[in-house]
């Protein structure tokens, strides 16, 4: 079984996406042998009112709740997020949040972010943080949104030991506190593996050996990215069959409470 | 009376969820407002790096509704491959014109690439419509990360003068005080003004424009689905003009531009 | 528009001109506003004159209100008064509110660009308005192009809600949803304050703007207004997908209720 923790539906502001509907993404998942995916709204990244993206997401995933697991995009600097998070939990059925501090004008260290994380945690939701929406070298000429520093995420996880975090689209873990100071941090964060490579610089291998397979989760970044490279990374990763099963699905299922 | 909307959009806007933004749903909005046909371009293409992808999406939406939806293509002359894309827009999309968004596409109207695009489009018999910043969104509600420069109306006046053989439709705010109106006698009669954002009441910008350059140089526009169409209809109702003049604004001028 | 409810533009203006100055242009605009109201079938204009030289002195705001009173005499029964004051001149502002409240058709006070409405300097005038059972109309907007250079007197919907929460008995109208700014933010913020109504006025007529107001605030909390954007605002009112009874509330019923005239 494969559970993808890093998937998206909807329209991205700066590039046409394909397979970006509820039906469409299932086609891509079937092609890649992915059983279930944690999806959030691509539109919500740049919507001023990101909640509108969550409402669009509901329409797309409703017929496919057996395979599509909603994650909500909320902006703690925007009006009424406290009401929206309740809607996302009770109506959308979101299992977690997806945060975009660079696009939503806050830092992970801001008080509003801390408040939202606490609220989400109280609702039993996990927090996923994409380090980037896309490569900075192809960003739109009008938009400057820097990658989220991994050490900022390390400070965040330390400050919220009861919360559960997934770091998406990350790279450069070798030099980050998330690995170097892993022993000093609570074991409340998981690393999505779509970018680090198990070959050449062997970063994925390094992370797996340093943190343990139980702290890695499978992700692809569909429909922004092809799913096949992530599958290939898993294929060449040096790990036991049990470890791979945990990365492919077991760890995420436990996080989802299943 | 037949109504042709010169200024309509389908697709997704980067910064806000739109409604009635598909081929079939924009027709609902048009029916509500009594609009028979609309010149539609892709809203998504405004912020896509490769704006042509928005034109491809537009084709899918308008194909079943070509009797009512008239495609206009969004192209960025500062982006790769625009010449080939222009040809596709003409041949496959059947675009009757271009809709330019220089504010978002980071070129100026007096850049060489813009001149080349205008010439190429004109050679293909296409209209060139120019959308100033306000035609899509008010600067006071712009996204906090995105601060595009506006298109000076003076630059549009200069462009129309440089391309007397081209035909332009201008989608901007109140242009009553600009050279496009005040110095119209010095400019070629090759541009038409979309009345969507000019009021005939109170400040009377639309009345001024109509009286100054003539009803034959105005075209009806709403900017649906970004905006409600009813405000434009109220403007037309309040405009002091003869029935013939109103008919020319509602449909006649645009029909002539479209060669119909 | 409706036989049993007047259409009330709750946010209209006469233009300010200094005493003894040539005011022909301003008075021409005033006449144009009434003329526009005639064309659109607007029965009553609730008028203020707050677009004055800043900082506003008592002499200026008294003269501004007198211009509205002149208009009330020129167009009897057509013009109601929203008294504009600078709350910083506490004693004079309260006196001006008291003075103009003696007019039968003075219905509200206006706060604009002198102080943030949640600044304690505004509390005495707010309390005076409550005492006299007058409406408090507050200029607000969430200008995203000014998030980092807000002036001390810029007011956001959150500031209006702060006032509403402090004074739950107050009758507050937040002005122009279409007056520029992130209206989704504004509507979502105002939804939290049940004693705040909001106008539909403003130059912007983005699709869904008044439908979202209806969804979040409800018809009982919306009022018709133009704020000089005549066609844009009337267009929004026509576009609003609401039943006749709700439209009557918005057209005039809610405002009359606030004025105690329903």
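Read from first to last, the chains carry the letters A, B and C; within each, the first residue is number 1.
We adopt the following convention: a contact is a pair of C-beta atoms (placed from the backbone, for glycine too) under 8 Å apart; a residue touches a chain by one contact, two chains touch by 3 or more.
The structure displayed is predicted, hence computed values, not measured ones.
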| item | value |
| --- | --- |
| Those chains which touch chain C and also touch chain B | A |
| Pair of chains with maximal C-beta contact number | B-C |
| Chain whose averaged C-alpha position falls nearest the assembly-wide average | B |
| Far-end chain from chain B, centres as C-alpha averages | A |
| For chain B paired with chain C, centre-to-centre distance based on mean C-alpha positions, whole Å | 34 |
| Chain centre separation in whole Å, for chain B relative to chain A (CA means) | 39 |
| Where chain A and chain C are represented by their mean Cα positions, the distance between them in whole Å | 45 |
| Residues of chain A engaged with two or more neighbouring chains | 48-49, 52, 105 |
| Touching two or more other chains - residues of chain B | 16, 141, 143-144, 147 |
| Residues of chain C whose C-beta touches two or more other chains | 144, 147, 182, 184 |
| Chain A residues within the chain B interface of the complex | 11, 13-16, 43, 46-49, 52-53, 55-56, 103, 105, 138, 140-145 |
| In the complex, chain C residues that touch chain A | 144, 147, 157-158, 182, 184-186, 188-189, 191-192 |
| Of all residues in chain B, those that touch chain C in their complex | 16, 18-20, 29, 137-144, 147, 199-204, 224-235, 238 |
| Contact set on chain A toward chain C in their complex | 48-49, 51-52, 78-80, 83, 105 |
| Chain B to chain A touching residues, read off their complex | 12, 14-17, 44, 47-50, 53-54, 56-57, 104, 106, 141, 143-148 |
